[in-house]
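Naming follows writing order (A, B, C and D), and every chain is counted from residue 1.
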């Protein structure tokens, strides 16, 4: 099975709606340790992506680039910039392709993860969105069945949250509240869980 | 909320519109994001561009320092939020006169990512970019971990010195080198007495008792070194100086510049009371203060409190510091 | 009390010591009262002297405006208290270059008596003195009783224009005449959002609710026109403008200067939001704003709020306004 | 009976002590409608006068001038300047005299009152120190007996307070609280009462 422009457009629609739904929840969870704008970042970004969705090019690399640009335009917050970084890394890889085999997903996520690590100068295990992406990448490796893939993806980001919850924050605004953050979920990881649930259509 | 504003979401856009309406001889909007400010008269062709950017709410930082002998352009985000990579890319384009652009900004996670990403965006347009990151707040990390420190008012010295070097016609490498030297020479510390209010939040960023102060607090309310009863001006100044001098020991005959900066609400009267003690201390050390700056140079809207910045000078830094500069907020 | 100070009784003396330590190129102490500030370099012989004075707590007013093309000397009292007649007499002596001295100050009871009395004291020393009193606050009395109005930020325009006329070599009569013309051309109004604290009092001068503002309040907390819920910036600006324009109707083609002044804590961001609306309104009237001033020109320490000053220009006033001037707080 | 340098020095001593005693009271009463510095003004001024007292010249005009200067030097507040103005007017009149007959007191107070009216641009009946001085001047006119004079003086300033109490303030800082001031004594009049009591040694 493979992903085409139409699959992507359907995914964008679900994701944009999910982000509207999670607006308050993401702001609140970010507000507890940071500046409370994560819902704003995700809805602003996804509104621009959804607007561009009808005119997406068939080249999926160019399509992903357009999504990345929506994030660089709409916000300067860390998560928006990291999203753009990850999308750009994937865009570079699939440039020229009009479909992506689902077996490519795991290596594409790895590319995004690595580009984001470089951009944010952060390590794995630091209780950030990177840990969600790493879990996702590992869990989806070698899976060819779409249903199985969706299930593994959704489970992996939940598992990442469970694994990290009791660690202190080490990165971003939450770092200065390291002690307080123990037992609390990282907002960027929660956002990634909602993204994956929407894309996986679960 | 003791703030004069319309819709909190329009705070930054309306502020910039007013700024440009008041000072069209200094500032113009560049591009169509509404949040990139460039010099009314661009620098001369072949001049290295110097840009900065960051969150709003710190006037004159950042936008105010666009001007001759200072910044060429500036990207401004929402209050206390980084501008987007796209805006910074536009800023780089506005500042480029064919000789490359120095990105000179404060050490905050969001800004770091966005300035880097902006560099990626303009790379294929053949604009050469370099980076100097200000990390001068001694309260935010130890000397051994200097690179983790927040960037605060030392920025103003770096803008002035890099801007003068660029105006003098030095190339990108030379401008970057002296900007890095200036950034490394800056040591700052702040003390906060009351919070400011981010317009979109609508309530003070932090609570602090009527008789309390916080030593070492960051300009967005980042936690400091200690919180306690408000002390006398001379005690406060002494502790701040001691912390700066522990970071940067000085010897008799050294030359420095020194800034006593209000975070916003603290009036110049009180800055001069602080400066009086600063001056005495450096006289005892036989350290010469060149061009002291006392005023509102880097603020957090209506926060009460003050910051000190010490910059150790050598001949090169001192001569760039004294060269002419001109913006709506500062003339040298 | 969110103030950085030592002994409240030393607030003014220590402030002045710091001011002079920071800017010895502009200011020096004159005489031995410790509260008379004169230009570091006296004006040239034969130049008319221009002096002012009043209570402390309003920096840059009054002391800050001692400088070339501005004031020659200034007498400073305790916070919000008039300087003594003896100090003012010393100030007159410091400013006299043989061509007489203009006393230019705000309309407050204590100041009026002391400036008059100081005139009596120097009379037998053959120093000729004239007087111009600023009474520009339209909220403090009706147009028919103009002479009862308080003097507020319009002072700054009068200092600038009288200082330029004196610098240009005009005689005492001419300098006084143009200063009076400038004073008469000024119309101001303020709005306060929160109180300041007089150091020796140790608590806010007045109480005001967290969501309240007071229209027309004076710079020491004198009661205004109404108190009510805090309004939006554009509404506030519109009402202030309407009140000024009712006092001084303007017609298409008129030229003015305009000041949007912070009372202290209100940050420049919010002044620009106000100025944005001011600019729009005058564009609609086809009235040209020359050299708008947006910033902290006349303050009440850490009071939140802002004032507007409108000065209708003619050719003479406009040319004096634009002539060079230089002090630590303002360069033209 | 007449006043000499020695009488004056004794009066200064009593007055200086009285002002120390009334420091808080005068600040408080001024604070209710004004800026609460009247005690400060009077003690600062009288301390300087007391300091100068030992070296007073025999010429009572010059002696009164020295007292006036103590007030111009020590304070810029209205009351200090008015005191200096009144003292200067009397000084001019008695210049060259080494004694003052007590019958001269009433016309001297009139001179002071008029100079102060001119300086402060105020009228009689405005509930200020001027009304105390006017009452004093009227009540002491033509009296030659020192005891009778002292009694009349003390009574007059009390009477002035009683007459003015229910009028609104019209002058100085208290003017803006005109309504609130009804029923309250004017601080400058209270200060004058204490001055007269001390000088009359009652």
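Here, contacts are C-beta pairs under 8 Å (C-beta built on N, C-alpha and C of every residue); 3 or more make two chains touch, one makes a residue touch a chain.
What you see is a predicted model, and the numbers here were worked out from it, not measured in a lab.
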Whole-Å separation of chain centres (CA-atom averages), chain C against chain D: 33
Mean-CA-position distance for chain C and chain B (Å): 30
Centroid distance [mean C-alpha coordinates] between chain D and chain A, Å: 82
Where chain C touches two or more other chains, by residue: none
Numbers and ranges of chain D residues touching at least 2 other chains: none
Touch-based graph of the chains, sorted into line, ring, star, complete or other: line
Interchain contacts (touch definition) - all pairs: A-B, B-C, C-D
Interfacial residue positions of chain D with respect to chain C in the complex: 35-37, 69, 72-78, 80-82, 84-85, 88, 119-121, 171-173, 176
Chain B - residues contacting chain A, complex: 77-78, 80-87, 109-114, 116-117, 120-121, 201, 222-223
Of chain B, residues touching chain C in the complex: 1-6, 11, 14-19, 21-22, 56-57, 59-60, 64, 193-194, 210-211, 230, 232-234, 236, 264-276, 279, 292, 294-296, 299, 301-302, 304, 306, 331
